[in-house]
Amino acid sequence: METIQSIKPLIAVLVSICVVPLLVLCKKPNLREGWTFAAAAVKLLLVLSMLPVILNGNQIVYTLVEGVPGVAIKFRVDALGMLFACVAASLWIITSAYSIGYMRGLKEHSQTRYYVFFALALSATIGVAFSANLLTLYLFYEMLSLATYPLVTHHQDREARAAGRKYLTYILGTSIGLVLPAMLVCYHLTGTLEFASQGFLAGACNRGLAGVLLVFFIFGFAKAAVMPFHGWLPAAMVAPTPVSALLHAVAVVTVGVFSIVRILTGVFGTELLGQFDFGVIICAIASVTIIVASLIALSQDNLKRMLAFSTIGQLSYIILGVGLLSPKGITGGMLHIAMHAFGKITLFFCAGAIFMATGKRNISEMVGIGRRMPWTMGAFFVGSLSIIGLPPTGGFISKWYLVLGTLEANQMTFLLVLLGSSLLSAAYFMPVVYRAFFPPPGKAMFENKVGEAPILCVAPPVITAFISVVLFFYPEPFFRLVSMAVRFIGGN
Amino acid sequence: MSDLVVTLLGKYNYWLCVILMMIGLYAMIAKNNLIKKLVGMNIFQTSIILFYVSIGCKKGATISILEHGAGHHGVDPTHYINPLPHVLMLTAIVVSVSTFGVALALAIKVYRKHKTLEEDEILMQLRSE
Amino acid sequence: MKAIGLIIVVLAGALLLYSTQDFPFWGDPASPAGTHTATYYLTKAFEETSVPNVVTAVLADYRGFDTMFETGVIFCAGLGCFVLLRLSRSRDEDSYYRHVATGITLHIKSAKIPDVSSEFERIDTLWTPYDLIVKTVCRLLAPFVQLFGLYVIAHGHHSPGGGFQGGVILGASVILIAISHNMRTAIGRISEKTIHILMAVGVLLYSGIGALCILLGGNFLDYASLSRILFTNEIEARSLGILGVEVGVGITVMAVMITIYNNLSSDGRLDEGL
Amino acid sequence: MTNHYPALIVVLPLLFAFVVSGVAWVKKSLCFPLTIVGMGLSAGLSVCLLGRVATTGLVEYRMGGWETPWGIGYHVDYLNALVVTVVTVLAFINLIATRKNVVEETPEKAGAFYSLYLLFIVGLTGIVLTGDLFNLYVLLEVASLTSYALIGMGNGRAPMSALNYLFVGTVGGCFYLLGVGYLYIMTGSLNMVDVATLLPQMYHSSAVVMAFIFCLVGVGIKMAFFPLHMWLPNAYGFAPTAVGSLIAPLMTKVMVYVLIRLILTVFSVDFAFVILKMGDPMVWLSSLAIVAGAVFALAQKNLKRMFCYIIVSEIGYMMGGAWLGNNTGMTGAILHIFNDAIMTLCLFLCAGSIYYRVRGLELDRLKGLFSKMPVTMACLVAGALSIIGVPPTCGFFSKWYLISGGLEAGQYGFVAALLFSSLVNVVLFFRVIEISYYGDFEDHHGHGSSGEAVMEAPASMLVPLLIVSIGLIVVGLYTGGIVNHLINPLLLKQGFLG
């Protein structure tokens, strides 16, 4: 394995920051969105141009400045980061297209501000993906929290204020109150914060301290919405739908989970976790979240809130997978980052498209909508299959590996959790789809004049749904990245 | 016992300065009238000046202005008191005068607004604002 | 508050007194303070500056930098009083005039006598009786006071005195006029603008001499380097440099004293004094 | 000329101060340009001095050419150079930024105002550069006296606050003077380095201990260290805008510098930490200061007063860091002097330009300000993030050092206090941001006259503000450089405890 010095990661991060002045100064909406697209395309190309290097087993490293002795602001592109960056960068383009359709269609105010902070959020996301150490990760993590605040509270009404308050309380409160001290303790113990293939904490602390640190980290990255720090996510549903899509699939929650995965693998190391028997604890925390979130999702009528609780559950799959500490489990967990992103973003796009076309938010008001919006609901169906984990969608692959992981780790309890939660997700998704396409006679709520949303809002979910299916048949690039990441962690 | 007496009496200048200092400080803390506080402040500063000046003292020495012609053939330092504290205290006096001047100006400005210099009355006015 | 004050005072006093136990006895010639730097000043000052008054030598030369800021402090005080108290004029008020020859006073509402000729003089609203003896005595005294002030400044090298003391005496002479006559008379002699410019000129003289030393190749306030333009040896140059800064100090102190008095006594209106 | 830098940094503003006050009576319009020139020269020279010190490690200067225990000497090492650069550069930026405030608030006395402004800077730079204990006192009084006068220039409660500040400040100055007097009695010298060489034989004398305590209390009063902070919020809060944003960032930081200088150079680390064992109680007091400042700040309804209590809390950061007794903590404290000055300036400048447009700083008058003054508010957010300690702003890095210093020293109370204040700062600032972001949706009846006239602050205010807020991030990113090139060599040279 070679280490290549290159400024590319920095540029990839900065692209969307650099475009901000252009967005602010552009008076014409078309030009403004043109810049957004250009930045998104450049960013994706930059990320993809690094892909072959990574697939050849190399790493790309770039050190910006040394903030604290021994801990620099430093980027490193490895397989796991690459996987995440690919997902985020490709989804940014699609989300941008969707945003244009959505924001224009609903004639939202302050669109410039929206695009600016969207771009900033993407920068932060790529930054998290490419972080080489905990400090850099923390930096971009905080940047993301702040950049998404104006997005979440976009409507600037009373509800948005309450949601924004909750959002910041959870996210900043935990990151300053838990992650920061934990990070400083790590630095104090070892003098470094650099992610290592087997972690850097080994030998530096005893079991009790490590346990405390672990708990601080898992709950501290509240973006991962591990219960009981999940409350902000349903509240943040007041945001415009593209933002919800961004929060759930591209940026925020995924960043949270990604950070936890990084911490578990890069700070603690699987060996240390195994040695202290922390795997079970992690899995238990994740399982509770999975089951409880799925149960709550069952009782939701608001579509977006249901999706939010579904997300909370699904994210913990990833943590569960890594917590199993078996290669297959970790593979499944990491793959799930990508698979869930594509599936969930489809669902959010669809929810937004339905809202645009009909103004409806609640599931009970969507009876028969499949007849009027076949494309949208078709995509919704595929997305939900992916989330449930059924073929022929990518979700199946990751769930398959998760199941194999539980078998490999000989953890039957968690196997049951996985299967149970799959059933639960089927239970909350399938009725929606069924009633949309096959309304009970005479109960269909829509007349002929309701049609599909504008093309810019329909095409994105269809595309992402399509990708979900493609990923089932051809998961090769992601799969290779993940297996490389797992090999890296395994140390061989 | 005699040691103690010697210690006490041998440094009575410092004792007196400290007592004076504390009188001034007490006035600054406890008095209600702003001008009385200012006077306390002045006493406080003056006592420090006295304290310094008494540092410069040497038994049997005269003021540090060299006698005529003395400068040319070797000066016996024990004949003259230490000039440095005097220099320092010239500065301190000037500082205390300047502070006093500015303080009076501020007091007048306070009086212009509140028509009183009693602190409790001023505070009452401020609270009722 | 009184109880707290008492506690603080007693505590601080006790600490201070307790710590005097390690002090040398009063007047001990062998104490560190009496020997370390003091010996140097006493033995070397005359050689190096040719000023017999060691206090002046230390004040204006060895620790001349301190003294410059000390003058700066005085300047700040003057400026501070001005800034805090001075009110802008042009308020229509009643005014009083006195006919000089007869002593008759006129009370004019919201107007002024356009051209204040020598026959009329403006007097304070709170009218003080016309006092010939005090006025005359003070007016006669003022020049002598000023002369003494100048002597104190100039003779600071050889006797107790110097810029501060002399400046205060000079200022007092003007204040004397202001008290015995009224403030208008004093300001008529030396206007507010003049005072302020003098205030600045005095300290500028001091720091300017210091800066001149840099230009002449020495360190800041190194009067020895003035010898090149004064055509004397370095020691004499130091002595002259000290005199120069003392004059500067004197000017500033005088001007500041007057400013402070004027502003404080007239509540910033500079029209009528005490 | 280059070897005169240390003197010129102090003397040039002094000369210009006198010139400005004289010129004000001849031609008023010249005052501001002259002040700019004087301040700019001083700032430029301090940057040059910093560069020189960074390469040579020490620059010495003898006033009047006299050798040091006899005359007054400047002894400029990394610490002085760093702090003096901060002081002059920030004062320069503030001078430009607040010009319109000055024109508006003190139109007639602009000449005197700028003269006092320069004298204040003279005081601060002199304090920072000097190597003489008594000279420090004189300059302390120059700085204090000018600040009393400047604060007293404000309207309303300002004179009363200034008078209170004067009382307290004079007591502080006198205590310091008393401390110096004790030192002088024991050593016979006033030069810092000389005193430091004479002191070690009498470390156990009660007089030296008392000298240290009195210096500490005196400086503590001047820096508003809890519980001696009562004067600060009123004095800074009611001061004229330009004065608040000048004094608040600089005065307290310079006082912290004085304390660090006393510990490092005069009394030595051994004395403060090993012999007196004052580390623990002082750190606890600092933690208390941090918590108290944060809690008081929560209760404020006025933006500027809120900032004032934040300063009280930040003083606790620096004092705590300095008293942790290890390298990391001291690094954090010194770094925080630097960073906190920039952050505070940023916040006060924002307050200044808001006040310029809105005519009030009560929190409920900030409604909807984000849409009306976006740039100003963005800078406020940058300052807020730095105070909270969000990377990559500089506030994060000093907090980082402070916390790791606390962990190293095992002072978990201090660490907890730091984290607590970070969280409180989140609440404080997001309350402000929320109010100004959401506007007035509860009241649909329109909000009177205040709503119409408000617009973005003029460019002369915005540009300096933007420079400062970008500086927050740039300084943050270059923390490593500052620590490696300036602070580490300093602590190494002072033989700081490992």
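Before moving on, here are some points about what is shown:
As written, the chain order gives the labels A, B, C and D, with residue 1 at the start of each chain.
Heads up, the rule we're going with is that a residue touches a chain if its C-beta (ideal position, glycine included) is under 8 Å from a C-beta of that chain, and two chains touch if they have at least 3 such contacts.
The shown structure was predicted, so the numbers you read here are calculated from the model rather than taken from an experiment.
With A-D and B-C as the two chain pairs, more C-beta contacts join B-C. Among the chains present, the centre nearest to the common Cα mean is that of D.
With centres set at the average Cα position, the gap from chain A to chain B is 70 Å. Centre-to-centre separation between chain A and chain C, using Cα means, comes to 75 Å.
Remark: chain A and chain D have CA centroids separated by 43 Å (rounded to whole angstrom). One simple way to say how far apart two chains are is to compare their mean CA positions; for chain B and chain C this gives 19 Å. Annotation for chain A: no residues touch 2 or more other chains.
Within chain B, residues 21, 25, 55, 84-85, 88, 91, 95, 98-99, 102, 105-106, 109 each touch two or more of the remaining chains. Counting partner chains per residue, chain C has residues 16, 20-21, 23, 33-35, 37-38, 41, 63, 66, 70, 73, 76-77, 80, 84 touching two or more of them.
On chain D, the positions that touch chain A within their shared complex are 385, 388-392, 397, 400-401, 403-404, 407-408, 415, 419, 422-423, 426, 430, 434, 437-439, 441-442, 476-481, 483-484. Of all residues in chain A, only 64-69, 72-73, 135, 138-139, 142-143, 146, 150, 153, 156-158, 160-161, 164-165, 168, 172-173, 176-177, 180-181, 184-185, 187-188 touch chain D in the complex they form.
Residue ranges on chain C touching chain D, taken from their complex, read 15-16, 18-24, 31-38, 40-41, 44, 61-66, 68-70, 72-73, 75-77, 79-80, 82-84, 86, 88, 193, 196-197, 199-201, 203-204, 207-208, 210-211, 214, 218-224.
By the touch rule above, chain D contacts chain C in their complex via residues 1, 4, 7-8, 11, 14-15, 18-19, 21-22, 24-25, 61-66, 69-72, 108-109, 112-113, 115-116, 119, 122, 126, 132, 134-135, 138-139, 141-142, 145-146, 148-150, 152-153, 159, 178, 182, 184-190, 198, 202, 205-210, 213. Residue ranges on chain B touching chain D, taken from their complex, read 21, 25, 28, 34, 37, 41, 44-45, 48, 51-52, 55, 84-85, 88, 91-92, 95, 98-99, 102-103, 105-107, 109-110, 113-114, 122, 126.
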